[in-house]
Every structure is written in C-alpha cells, then in structure tokens.
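Chain lettering (A, B, C and D) follows the sequence in which the chains are written, and residue indices restart at 1 in each chain.
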Amino acid sequence: MNDLGLLLFLLALGLLWSRTMHHTVWFLAGEGVLLSLMVWTSEPVTAVTVVVGLATLVVKGGLIPGLIHRILRTWPAAFRRDHPLPLWAYGITVLVVLAVSHVIHLLGPTGVIQHALLFFYALASIHVGFVMIVARRHLLSQLASLVAIENGLVVLAVSLAGALPTFIELGLLIDLGIAATLMVWMSHRIHQAMHTTDVITLRRLRG
Amino acid sequence: MVTGGLFTLGLMAVVAYRWPRWSLLLNLLLSLGAVAYGGYGLWHGSPTAGPGPLELSPLRAWFLMVLGLVASLSSWYRWGYHDDQVSLRLWLPLFLLSMMTVILANNLWVFMTGWESMTITSFFLVTTHHERPDVLKSGYIYLVMSQVSAMVILAGMLVMDTHLHSVDFSVWAQRGAALPRGTKSLIFGLLGLGFGMKSGVIPFHVWLPRAHPAAPAPVSSLMSGAMIKLGIFGMLQFLLFDLGPTARLWPLLVLAVGAVSSLLGVLYALMEHDLKRLLAYHSIENIGIILLGVGVMGVGIDWHHPAWVAVGLVAALFHTLNHAIFKSQLFLAAGAVEQHTGTLDVDHLGGLLRTIPGIALGFIAGSLAISGLPPFNGFVSEWLTFRGLVGLAHGTGLLALYGLGLIMVLGLTGALAGLCFVKASGVVFLGEPRQAGPRQPLPASLTGSVLGLAAISLILGVIPQPLLHLINGIDPAYRLSTEGLLLPVRTPIIGGLLVVGVAVFAGLSRVWDVRTVPRWSCGREADASMQYTSASFTKAIRTTFAVIYRPHRHVVRLGPGAPDFPTRLLYSGGTVPVWERYLYRPVYGFLWGMSRLSTRIQRGPVRLYLAYVLGTVGLMLALLH
Amino acid sequence: MSSSWALGGPAVPLVVAAVLRRHSTQRWYAVIAIWTSLVWLAVGGLTWHPLIQGRTWAILLDVTNLVAATSAWDSVGWLREHPRMAPHRYYGWWSLFWAALLGIALAHNLALAWLAVEFSTLTSGALIIEVGDRHALEAAWKYILIASVGLIVGLIGLVFLYASLQYQTLGWATLNYQNLHGQFPHVAPIIRTLATVFIVAGFGTKAGLVPFHTWLPDAHSEAPSPVSGMLSGVLLGLSLFTVVRFVEAVPTARGVFLSGPHLLTIFGTLSVVIGALALLVQRDIKRLFAYSSIEQVGIMAVAAGLGTKAALSLALLQFVLHAVIKSSVFYGAGHLSVMYQTQRLKKITGLLARHPAGAVWWAVGILALAGLPPLGLAYSEWLIFRQLWQHHAYLVIGLVAASLTLTFAALTYHLMRNLWRDMDALAPAAAASEVL
Amino acid sequence: MVWIVQGVGVAVLVAVAPWMWGIAQTVKARCQGRRGPAPGQLYWIIRKHWHKETTVPDRSSWVFRLAPSVSMASLVLIVITIPIAGRVPPEWPHNMLTLFFLLALERFWSGLAGLDTGGTFGGLGASRITTLGTGIEPALFAALGIAWQVSGDGAIVPLAAHLTNGSASLLPWALASVSVALVLLAEWGRLPVDNPDTHLELTMMHEATLLEYDGRFLALSEWAMALKFTALVAFAWVVLGPQFSSLWANLGLRIVEMAATAGALGWLESRLTKLRYFQLPAYFAVAAGIGMLGFYLASGGLGL
C-alpha cells in the first residue's frame, strides 16, 4: 500500500514536472490504475470493492485520459505543450511543505491517521496538485491537476479511514467524469473560439 | 380609527390620480383632517401615547397640525397651478401619508418605514422634472443623504432598543430617562446627527438647496414647510423628551450647530439669484433658529432650569409652525412668479407688483414674517428665541458669554435675513421689469392660498396667545406654564398700534393725493438696467464675508484689439461652496477610488483566483493551533 | 427524508427536453413552466405544515421550487429572445440543475449535500457553456474550475470528519447532520476545527463568500438570465445554509478563534464590504446584480454567524426575500439587455419613457434590493442590525451599515440612469457663474 | 400717574425731536466756525415740505408711498415702549428686543422703498442701509450685554440701580456705555458712519433712500429721522444713566440729557471724518468687542 502511495506521489510529481500533454495523459492513466489497485488491495475483496475499483479504472484510468488524448490529437502541435513552471511556483512549494508539516504535527496526537506514510504521500500529492493548478498555464494542465488532487484525496481517505463510503466514492467518480467531460469539451471550444489553450488569455471578464 | 380614515383618504387620493379635481379634493380633505386631528390632540390628547402602532400625543399633534396646515393650503394652491402633473398627484398623497406615519408612529419599525417612504416619495416628487439639467443630480444627492441620515437614525434607535429591550416609543418615553449617561450620549450623537442631516443643518445641508428648488412649488412648500421639521420633531421627541438630562455638551453643541446653520444659511442665501434656491437656503437658516430654541430647552433640562425649558420649547415649536407658514407662503409665491413669468432668476425679474399685486402682497408679507418683523408671526417666535438666549446670558461665566455670542449671531442672522428679503422682494416685485417677456395671468387659487397664509401669519403675529396656551400640555415631564412668556411683548398692542400708526400717518400724509412724475436719473432717460440687481445689492456683504464665500471672478477680454481694446468682455464670477470643496468632494472621490480599487480584486486570471482560494485556506491552516 | 419524492419534479422536464429534440415547438416551453408551477404548488401544499412551523428544509425547498417555477416561466420568454440556444439541451441541463438544487435543499447528509452542490456546479456550468460565446466559455471555465477546487477543499474536511467517526461503521450515514450533532464530542477538537475551516472555505466558494467569490460575477453575468436568477437567488443561499447546517451540527471547541460563527462573520463582513464597494463602478448590468448577490449573501452569513435562533431565522428570511427579489431582477436584466441589445449599463437608459410599466417593476425590484421599506429586504436587514446591536458587534455593524448605505447609493445611481438618463459628472459644479 | 407721565413723555419726545436734531446741527456749525442754522430750523423745513405738492416717481407703488408712514409709526411705537421716565405699567410692553425689531422694521421698509423707485440711487441707499443694519444688530446686542444680564428677559430696566453696589461694576458699565455710543452713532446715521448732510452718491446712505421723496412724504421722513435720534438717546439714557425717584424729575432729566447729547454729538462730528464704507465692519467689531468685554466682566469672568 505504501508503495502504491509512493508511486502515486511520484506520478503526481511527474505531472508537475512534465510539460508535454501527451505525457500528462499517461501519468493520469497511471494514477487511475494505481488507484484501482489500491481499492482492491486496501480492503477485503467483495463485490462492492470490485465494482468501485472497476469504476475507478474506467473513469480515471480510461475515460479522462482518453478524452484528453482524443482532443489533443485534433490540435496542432503548438497547443499540446505547456509553459515552463514559473519561478514562484518553487517558493509556493516550499510554503506548502511547511504547511503540510504543520498540519501533520497538529494531527499527530489525535490518532486519526491510520497509515502515516500513506497519509504523507496523499497530502503531498494533493499539495503538488494545488501548486500545479496555480502554476501551470495549459487548460488541460488545470484539468489534469484537478483530477490529480481528487486522486490524492482518495488516497488521503484510504490513509485515514481505509476507504470512503461506496456511495460517496461512486458519486465522486460520476461527478469527476462529468466535470472532466465538460472541461475537455470546453477546452476544445475555447481552442476553437480563441485559438489558445493558455489560461492567461482568459481574462476578458474583469472588474 | 381617525388614522384609518386619514389613510383611506390618502389612498383614495392616490387612486384618483387620473381625475385632477377629485385628487385635489381628497388631498385637501386629507390635509384638513390632519389639522383637525392635530387640533383635537392638542386640546384633548392624553399626555402620553398608548400602546398602538400609531398614536397621538400632544407633541405629535402639534407637528400633525403644522403638516396639515401647509398641506391644505398647498392643495388649494394646486387648484390653479400649471405644473400639476400626474406624478405629482400620484406621489403627493403618499408623501403626506408617509409624513403622517412618521409623526404618529409609535414604534421603531413603523417610524422607520414612514421615514424611508417619506424619502422615496419626496425623491420622486423632486425628480418630477427630470428632463431639466441638474434635477437628477440634485435628486440623487438628496436621496443618498437621506439614506445616510436614515441609517444613522436607525442605528441610534437600535441602541435605544438594545438598552430598553423595546421598540415601543411609549416605553422609551417612560424609561428613556433612566438610561446611563454614556448610552444617552451615544443615542444623542447618532440620532442628533441623523435628524440633523434630514433637517438640513450645516454642514449636512448640501442636499437641501438642490432638492427644494428642483421640485414643483407645492412640493417645495411641503418639503421646506413640513418635511425638514420632522427632523426637529425627532430631536424633540427622542432626545429631549425621552432621554431627559444628558451630558451637558450635547445641548451646547445643538446651540452651536443652530447658530452656524442660521448664519451660514442666510449668508449663502444672500448670494443666490434663483428665487427658490434662495428660499431653500433660508430654510437652513430657520432650522438653525429652531435649533437654537431646541438647544435652549436642552440646556434647561440639563441645568434643571424649568424656565429655560419652557421658553426653549415654545420658541422651537412656535417657530416651527411659523416657518412652515411663511416659508410655504414664500415658496408658493415663488411658484406663482414662475408660472407668471417662466423664470425664477431674480436678475431677470422686476416690477411684478403691478402685474400680480396679490402675490406681491403675499410675498412682501412673507418677507416681513421671515425677517421676524412685527406684526407678523416670525416676530413672535424670533422674539421668543431671543428671549431664551437672553435667559442663558442671564447666567454667569462662560455659559453667559456663550449665550451672548448666540444672541449676537442670531441678531446678525436676523439683519442679514432682512437684507436678503429686501433684496428678494425688492428686486422681484418692485421697480421696473429687467427683461420683457410674456406674462401669464394667474388663477385666483394661487393668489388666494398665498394671501390666506399671509393672513394666518398676520393673525398669529398679533394674537399668538391661544396657540401658546395649546403648547402648555406638550411636555409631560415639565408641565410648562407658557402663559406669561409673551407678557413683555404684548403683541396685540404692538400690532394694533403699528397698524393704527401707519393708518394715521398715511392719512395725514394723504398717500392718495400725489402726482406721478418721471424718476430722477441725473437728467438722463431712466432705464431698467440702471436698477440695482441682486449681485450689486449684496456686493458689500460679499466683500465683508469673503473669508466664507471665497469669491472669485474671471474676466476674459475678446476682440482683435484685446487686451487693451476688447470688443467683448466675458465675465464669470461666483463663490466657492466650502463644504462641497473640502468635505463632500473628497469623500465622494474617496468612495469612487475605493470602488475602483475593490474591482482590482477581480482582475481576470483564473490562476490568481485559485490562489485566493488556496491562499486563504492556507492562511487559516497556518492560524490553526 | 420524507420529501425526497420532490426530486421527481425535474424528471418531467427532462423527458420533455428529450421530446423537444424532435418536436421543437414553443408550446412545450409553457408546458414545462406550468408543470414546474404545479410542482411548486403541490410541494408547497404538501409541506405547508413544516413550512408554517418555520422548518428550514421546508422553506428552502419551497423557495427553490418557487424560483424554479418563475425561472421556467422566464425561460419561455428568454428562449424566444435567444433562438440560437438549443431548447432541448437547455431544458435538459436546466432540469438537472433544478434537481441538484432540490438535492441541496433536501439533503440531510453532508456528503449528499456535497455531491448535490458539485452536481449543481456542473449542470449550471453546462448551461453557461451552452450560451457559447467567448465570454460565456471563459466564465464557465472559471466557474467549474474554481468551484471544483473549492469543493475538493471542502471534501478534505469531510474526509477528516468521516475518518474520525468511522468506528461507527454507519457508512455514509455517518455524515447525517443528526448523527454528526450527536457524535461530535467524539471528534478531536482539532479535527473539528480543521473540518470547519475546510468546509467553510469549500462551501463558501459556492456560496460566493469573499475571497472565494471570484467565479461569481463572471458566471452570473454570462449565464442565461433565468439561470442567473436561480444561481443567485437559490444556489448561493442553499450553499450558505449547508455551511450553517454543518456549523450547527459540529460546533468547535470553546474559545477557538477559527470557529464556524467567527468564520461566517469574518467572511460575511468581507463579502458585504467588497460586494458593496464594487457596485458603484460596475459597467455590466448583470455583473452589478452579481455583486449585489455577494453582498446579500454576506449579510446572511453575518446573521448566521451570530448563531442565535433568532439570527438564524433572520438569515432565512433574508434568503427568502433575496431569492424572490434577486431572481426577478435577474430576469428583468435579461430582458432589458435584449431590449437594448447590450448589457452595458451606460447604454440602458430612458426606460421610463420607453417602457413605463416595466420601469415601475424594475424600480420596485432595485429599490427593494437597495433596502427600502416597505419592500421586504429592508426589514430583514434592520432586524439583523438589531441582532448585531444586541450582540455588541460594533465593528461589524459599522462596516455593514456603511456598506449598505453605499449599496443604496450605488443601486439608486444605476437605477436613475436606467430610468432616466446619465447624470452628468456628479462632481458638484461651482455655485454661481454667469456669463455676460 | 405712570400712565400720564408716560403719555406726556411720548408727546414731548415726539414734539422736540426736530429741535434736538437742530441742536446737533447748530453746535456742529459753531464748532466748525460757521454760524449755522437755528436749532428750530428743521421745524420750518418740515413745514415747508408739508405744504408743497407731493410727487412720486412713475414706477413706484404703494410700498414707496407707505414707507414714511411706516417709519414714523414704528418710531412712535418705539417711543411709546420706552419707559421715558424710568418706569411704565407692568402690562405695557417695554422690551429691548421689541425695540430692535421695530427698528429693523423701519429699516426694512426704507430698503423696500429705495428699491421701489426703480432708480439707481434708491437701490444704492437700500443696499447700504440694510448692510449697515447687519453691522448694527450684533454690535447693539453685544453692547447691551449687561442689560440682558440684569433683566434676564430683555425688559428695559435702569441699570444704574443694579450697578452701583461696588466700584468694580463701574468698569463694565463704562465699557457698555462706550459701546452703546459707538453703535448709536451708526444707528442715527451720523458721522463717522454716515453723513446726513452729504448728497454725494459716493457717500450717502440714508439720504439716498430719501432722494425721490418730496412734499409731505419728505416731511414725515425728516421728522422720523429726528425722532429716531431722540428716541434712541432717551433709550440709552434710561438704560445706562442715573435715575431720580420722581417720575417727573426723570422726564425733565431726559430732556436735558437729550439736549446735552445732541450738543456733544455736534461737537464730536466737527472733529470726525467719515469712515470708508468697507471699514465699517471693523468699526462694528470694535464696538461689539468692547460690549462683550464689559459683559464678560459683569458676568463674573476675571473674578471681578
């Protein structure tokens, strides 16, 4: 389990590091696979876990990366790469590390954390996702980081409570699936309408 | 039940807005009903109000009577008024009803509802002529200032409510006096500020000279005659009657504010050449005079000096009534002048006494009254105000000197008011027309209502004693005895002898037996442009009070030979409105600046927005311990 | 909860939307509107007893249905004015949105509420995307992204809460408000505070509390105006009441600074101030009301932050009045912007001459928003002030009162421009100047 | 008894008014080395005017014609309200405030009449006398500060009785007297404020409002002008001067005082030149300041 967590964290770091959107697709797909593995391994196998794991695999490992991949293929090469990380992102990362340690320090005595290492990985992935969503400029990067945060959150739930209630788990998946579909569709339309995939250019509405 | 009847009448008047005559008749009935109900309340009213939402007490009855009086005369006036528009017929009854609600309200919510309705209805009345330049701006300034005052009043009343655990005014009247001094001070500050803003005391007056002239004359007369008095009503009812003795600073502050308002009001009035703006500034002046009475009463309460309480209250109330009468008389006359000539610029008028003698008589009578000259009613109430201040000067030490200073200010104000109305009635009605133009004949109702008000003001100036008798029961705490107050002045003797004297001397000098000759103009053909204008008449005042006015003039010479041989001169000059320059414009600019600054939050980039969310969460986590 | 069947209401429009794809006649719009109104009446009739008892859920439910009904009626006109919008897709998303709102109103479980709120983001976001122009796309992107991030933040809090109570093995019923309220002493105080911070921030994002509000002016101004009405009138308030329900159910330990009421008061006051300040310089008619919504939600949050029963019911009163008034104003703004073919306030002038009857209603609506009695909102605001005074929250009173005055000034300023014409530069000119 | 003394006093005051005016003019001429008119000259002038035909300017109205009567009536009323012999019946109005209001009425109506002619001079005079009034009023109220302090309601009471109980009160009294004198010079329309003998447009104030009058109206106006002088002299002496216990003696004393004042005025005017119009505010400020100082001393300030 901890190894899965470590792998997932590394994939999250990979998401942050990579600027090529095609790599992003693979990283996301990898995260999806890891998550479904985690669902299957964290609890005794029942029909419910099998269904949840399968759904995770379908939505996070297949649907979302597939959608991104399909859209990307139709775009010219210039729109498939993100900008480099700005310098201030590194500063934010340091701050995030501080905040994470603060929270872990606070939560230590409460005994709510079941798997400390996994908890760290989860929190770190979430924060990497936050840094990424603020620092990256490609529309799809934002979507990818949103998914990555959600993935980290699932790991967080696992580290704290073993698993989320099935109802919530499935609801989350559906929500995320719809959200990702909508956003991929939207990024397509934004690309059509404005010939850009850079969120910086989305600043006409102001004041 | 009476209240219900009045409200029904008012609503009927609103509904009947398509039928002018019916609407006017209902309006008149409503107003007369208010007078009757007010009179009834003064004669028979219980000294304290009951528990209902709308209750009559003697003080409220007095103001109701004032309101009804002005309203009925202005309804009569509207019968022949040319500008009696649909919006006027629609909003005016509502305006009246909301003012009645304010007066009769017996709990906070009813009061505030009435107060705000009063603002909005009068706002729509002010913007009747929205197509004219500056009217919208005036209306807007009026609306915003009123709202600020309403919020301040609400705050003050909520303090009262918080400490007395009741929104019922009758409870306030019973228990208000027992509040701790600090709380009283807070209430006094908030309510005093709020009511002061609504009555147009300086420096919160800027809305008044804008809003009053913008409205049609019957509305101006109601706003000036009745609406701004409700601020005084609020101060009397909540601050002096309910709270009782407060910190001594407050009444002295009221006196100072009154003095400043009266003096500056009349000074700014002098510089006006729009007749209705001039009258509006005089409203500020008269509010100042009323506040002097209110202040004397407050000082009397604080120093436990019943004589001062009596004279202060009587002066304030009586001047309220008188100002309502003569100011609406003057505003209505001004409206008639506008209907007659189409302009209100005094420098374009002149000689109207020959074309509208009735209005001229009414205006001159009103001028005499507002300048506080015998035998009109203004004389009586200004005399009483002086009398109250003399009472203060009667003491010792600095308070006495303060009193003397106030007397001097009031004296100066009176003299300036006299000067101003010599100017106003002289330039408009006497002499020769400065500009030729068509003159519309006036219907009888205009002249009738103006002269009717003049008659009332004359009667009150000669025999005010019955009304003073009515004031007796108004303050439940002090049970005033006002009978003897006017003994030294003996208005019937003064008035009577004055009339007899003028008649005798007029008879002796045989005023009818004269020959008309051309006037002397150093041997040249006399010409209308030789007359003094409003600006030249007040030149000396302008230079004397240059510190306040900050006059400026700018002359541009035009033509091929300029500057030595100009063919044309462009002259512009005026005075700097100090308050607007140093108080209102900075505040206004600051607000706009803040507003612009606040929209910088929403700059566009989505990453920034996300950073707000995550940053705030991070900050909260960092604060966690 | 017993009234979950109310969720069946949106099913019919959903079916109708499917029909519309083939048979696109405008008669169907009216059918949907009539159905929605009937649902409102029926649900209102069936829940009238809890309604008059003042039960929060009943009030939220009925207000949601009421606004949905008006929105459906307004959609008829709006769709007629915007022929480029595909009606079947519009009604499809619209009924899903309505369902999501009903879900929030009826949710007795925090997780359920979370899902419904997230679902409402997606459905309303889809409606904005349907408008389809560049601005709408930009607004929708920001809306969905920011709201999703916010809600994920909220979800973190939820996860912690669930983890602490996991020993109950109740599954998702652990997060029932009732259960939470019964069990909260078993949650470590620091977890409670942590969860409060996350959940206030998370749902606060949807409620439009400053500084999480940034999606709001964009989304509200670009959405179809019947949807703007629902977004502003209902969604914001429902999200806020979700926070309030949570804060009521899981109080933080005594003396904690970051407690729910404190956070509500702080963010509420901030919203009132920023919302009011931004009003004066707005150039777009719907953005104006979006900011006004921020301010109104702020007032509700301030009232809810007081935490007493009276204050909470006042927040509810404010919500009801605001829902009714603001949604109508948004509908009106939509029609005005069609009538004048622009959303720019500067060009929407002379309404009184152009459309007197409409102008009267417009004026009534805006004056009500500005807080003028006897139009409702004034009273709820005054009563909230009264509560504030009784709690001696002087700084908050000062800020809120000043902001409300500023709101009044700004809204009437824009109203006067709408009704008549632009006032010239407001800077007062020099008094007397004459030219010979 | 009081009634009779007051009645006689009023009659005498009204009757001797032109004569008092004449005394001032005569003394002034003598001091300037001229022979000057006889003290009774003004009676002859008034008689002459009275029998001439009366004309009015073509643009004037009833306001113009009524003005002399209003002036005369209000001044006579002032005289009636002054307790010339030191005392009036309690039911009779005798109040300083009333007196000032009546003076203001007279000034107001003169101003109106000035504007009613539609000429330049009338407006000039009206503007100047009303502006003068704005200086006079506050200064007069300040000058009579001690009187407010003693009476408490503005009644015209002899101050002498209240101020003789100590040498300290002499200083306030003296200051008040100087102040009153300064103000009354202005109110009478005499030098250094106004010059009744001038008819130059740059300098005249009150005369400018009378410029269009002739015949009976002018006669009334001249009498009113003289009466104003007499009435105010009497008023000042009643308030500030000594009193006998006998009413008749007081009445006699008033006549002497008035004559003496007129003489002093004539002497003073021969030594003074007219102040510039725009320096008048300073003049009134000095008068008011002296009065306020006296008032402050009397009200217990400075420990006096």
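Rule of thumb we're sticking to: a contact is a pair of C-beta atoms (placed from the backbone, for glycine too) under 8 Å apart; a residue touches a chain by one contact, two chains touch by 3 or more.
Predicted, not measured: the structure shown is a model, and the values here were computed from it.
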{"item": "Innermost chain by mean C-alpha position", "value": "B"}
{"item": "Between subunit D and subunit C, distance of the C-alpha-averaged centres to the nearest whole Å", "value": "77"}
{"item": "Mean-CA-position distance for subunit B and subunit A (Å)", "value": "69"}
{"item": "For subunit A paired with subunit D, centre-to-centre distance based on mean C-alpha positions, whole Å", "value": "99"}
{"item": "Mean-CA-position distance for subunit D and subunit B (Å)", "value": "35"}
{"item": "Residues of subunit B whose C-beta touches two or more other chains", "value": "599, 602, 606, 610, 614, 621, 624"}
{"item": "Overlap residues in subunit C, where contacts from two or more other chains coincide", "value": "141-142, 145, 149, 190, 194, 217, 278, 281-282"}
{"item": "Subunit D residues counted as touching two or more neighbouring chains", "value": "none"}
{"item": "Chain contact graph, described as a line, ring, star, complete graph or other shape", "value": "other"}
{"item": "Residue numbers on subunit B that touch subunit D, as the complex places them", "value": "350-351, 353-354, 364, 367-368, 371-374, 379, 382-383, 386-387, 390-391, 393-398, 400-401, 403-405, 407-409, 411-412, 414-416, 418-419, 421-423, 425-427, 430-432, 487-490, 493-494, 497-498, 500-502, 504-506, 508-511, 513-521, 526, 528, 530-532, 536-541, 543-544"}
{"item": "Touching residues (chain side subunit D, partner subunit B) in the complex", "value": "53-63, 65-66, 68-70, 72-74, 76-77, 80-81, 91-95, 97-98, 100-102, 104-105, 107-108, 111-112, 114-124, 126-128, 130-131, 133-134, 136-138, 140-142, 145, 148-149, 151-155, 211-212, 215-217, 219-220, 277-278, 281, 288, 292, 295-296, 299-301"}
{"item": "Subunit C contact footprint on subunit A (complex, rising order)", "value": "103, 106-107, 110-112, 114, 126, 130, 133, 139, 142, 146, 149-150, 153, 156-157, 160-162, 164-168, 171-172, 175, 178-179, 182-183, 185-187, 189-190, 193-194, 199, 202, 204-205, 207"}
{"item": "Residues on subunit B engaged by subunit C in the complex (per definition of touch)", "value": "109, 112-113, 116-117, 120, 127, 130, 133-134, 136-137, 139-140, 143-144, 147-148, 151, 154-155, 158-159, 161-162, 206, 271-273, 569-577, 580, 584-585, 588, 591-592, 594-599, 601-602, 606, 608-610, 612-614, 616-617, 620-621, 623-624"}
{"item": "For the subunit A and subunit B complex, residues of the former touching the latter", "value": "95-96, 99, 102-103, 106, 130, 133-135, 137, 142, 199-200, 202-207"}
